[in-house]
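Chain naming follows the written order as A, B, C and D, and within any one chain the residues start at number 1.
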Amino acid sequence: MGNTVRFGISLDEKLLESFDQLIEQKSYMNRSEAIRDLIRASLVEERLGSENQQAVGTVTLVYNHHVRDLSDKLTDHQHSHHHQIISALHIHLDAHNCLEVLVVRGKVREIKKIAHELISVKGVKHGRLVMTTTGDDL
Amino acid sequence: MGNTVRFGISLDEKLLESFDQLIEQKSYMNRSEAIRDLIRASLVEERLGSENQQAVGTVTLVYNHHVRDLSDKLTDHQHSHHHQIISALHIHLDAHNCLEVLVVRGKVREIKKIAHELISVKGVKHGRLVMTTTGDDL
Amino acid sequence: MGNTVRFGISLDEKLLESFDQLIEQKSYMNRSEAIRDLIRASLVEERLGSENQQAVGTVTLVYNHHVRDLSDKLTDHQHSHHHQIISALHIHLDAHNCLEVLVVRGKVREIKKIAHELISVKGVKHGRLVMTTTGDDL
Amino acid sequence: MGNTVRFGISLDEKLLESFDQLIEQKSYMNRSEAIRDLIRASLVEERLGSENQQAVGTVTLVYNHHVRDLSDKLTDHQHSHHHQIISALHIHLDAHNCLEVLVVRGKVREIKKIAHELISVKGVKHGRLVMTTTGDDL
């Protein structure tokens, strides 16, 4: 983190009122923090558009653990990408359903490929990938 | 539009440098305008989350006009919603394919319903709905 | 359009019931048409992920036409991209606000760039880009 | 899981070829599994549109653990929602940056509110919420 700088922005009064309501509703402490979040989110969105960007992804999978060989297949996939899949969290949703969150680190392209492989495994009911920054550039 | 007010925000120097690069790349004239756009976009996003909010939608449809009865069906749908569908633009993409953009005004819920009806018509190859503000609250 | 082929898919009975409810709600005539739409949408999504893919975009802009020079600036932008911006539709939303939908054809990368330029013009309250297929590959 | 049923769908030959390429690229074993995934994803998307739907969310946060009081604040937030936040995974991205994934269970509305509260804490650089099914209806 470098130095903090300060600058002014001008805004229509009514627009500012609406924004103040929104940031209260979203629990922000003040305008600066809310605007910094908008700025960081726009930077992250832009960077994740590039396939070679280093990023971190979380892959959320919901599956039925009774499906034959499913857990083994998921574990195999994870081990074959052990350089990228750095951690996993397992939740027992009910007697049948599991949720697994895998944290994947690498280039945007690699993260997407690994997510597709995991989501396409037979027995996985639903899968979602979300990507974020590695944090060192923000 | 009311009065213009001015306030200051503080930011890490490196974050500001990255943001300045992004706003140049996105062709913004200055920081204020870029931040106003982020603020307005966050307000629009929040409001469109509410099904009863008044909004404007554009429905983009790509279809093959050779498909029997398709143009008639699309026209019928539009007329049965003539209070909401306020205008249409037609583009001849090539000898077979047409693109049609319909502008729909109403509650978020109604706009979604009309979009689903149009996109589901047989022969429509692809359809997308995008919603925006009516402008009077921004 | 080539020949029509037919194949079978197997599905859990309860999942099929839920899907049948969804396709009725979305106004599809039958399962085949609903599934074809899902297939086409997944293909379009995949292709639009590639920056060099030919595509069609619609840029929806909401702006206050009283803002000095705004209409002129938007028109200038459009003329400087007249090879890509093939058509425009203008709607008078109320006494102050206008909605303009521009249809842009070109590579995904070019369409995004043009959309950014238009959305960033001072006085544009909100802008959205949505992309679709040119139709010849579906 | 109920009984498995089978039905046929008809498709243009060229569209099927394109789809077969896509499902190979996405590592699906066969068409049935790929289509079941599209069907389940469309059901989940529809249901998550309703604010009262039971769901599971994963909130991914990236933050600098050197920021004063940040870890304490995040822990406080988590404990005040201990009925909904069922688990957390912590990753050390580098000497400064942490990634935390929280699994939140509840109504769509509650999950969004908790995610906003966490993402808006000062020092959180980036946050993303993704929601999925509890699995019992798919």
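To be clear about the criterion, a contact is a pair of C-beta atoms (placed from the backbone, for glycine too) under 8 Å apart; a residue touches a chain by one contact, two chains touch by 3 or more.
Treat the numbers as computed from the prediction; the structure is a model and nothing was measured.
Chemist: For chain B and chain C, which third chains touch each of them?
Modeler: none
Chemist: Which whole number of Å gives the spacing of the CA centres of chain B and chain D?
Modeler: Result: the chain centres lie 25 Å from each other.
Chemist: State, to the nearest whole Å, the distance from the C-alpha centre of chain A to the C-alpha centre of chain D.
Modeler: Roughly 9 Å separates the two chain centres.
Chemist: Residues of chain D that contact two or more other chains, please.
Modeler: 1, 25, 40, 138
Chemist: Looking only at which chains touch which, which shape fits best: line, ring, star, complete or other?
Modeler: ring
Chemist: With touch defined as at the start, can you tell me which chain C residues reach chain D in the complex?
Modeler: That would be residues 1-16, 18-19, 22, 25, 31-32, 35-36, 38-40, 42-43, 46, 137-138 of chain C.
Chemist: For the complex, which residues does chain D have touching chain A?
Modeler: Per the touch definition, chain D meets chain A at residues 1, 23, 25-29, 33-34, 37, 40-41, 44, 56, 58, 60, 62-64, 86-89, 91, 93-94, 96-99, 101, 103, 105, 116-117, 119-120, 122, 124-128, 130-136, 138.
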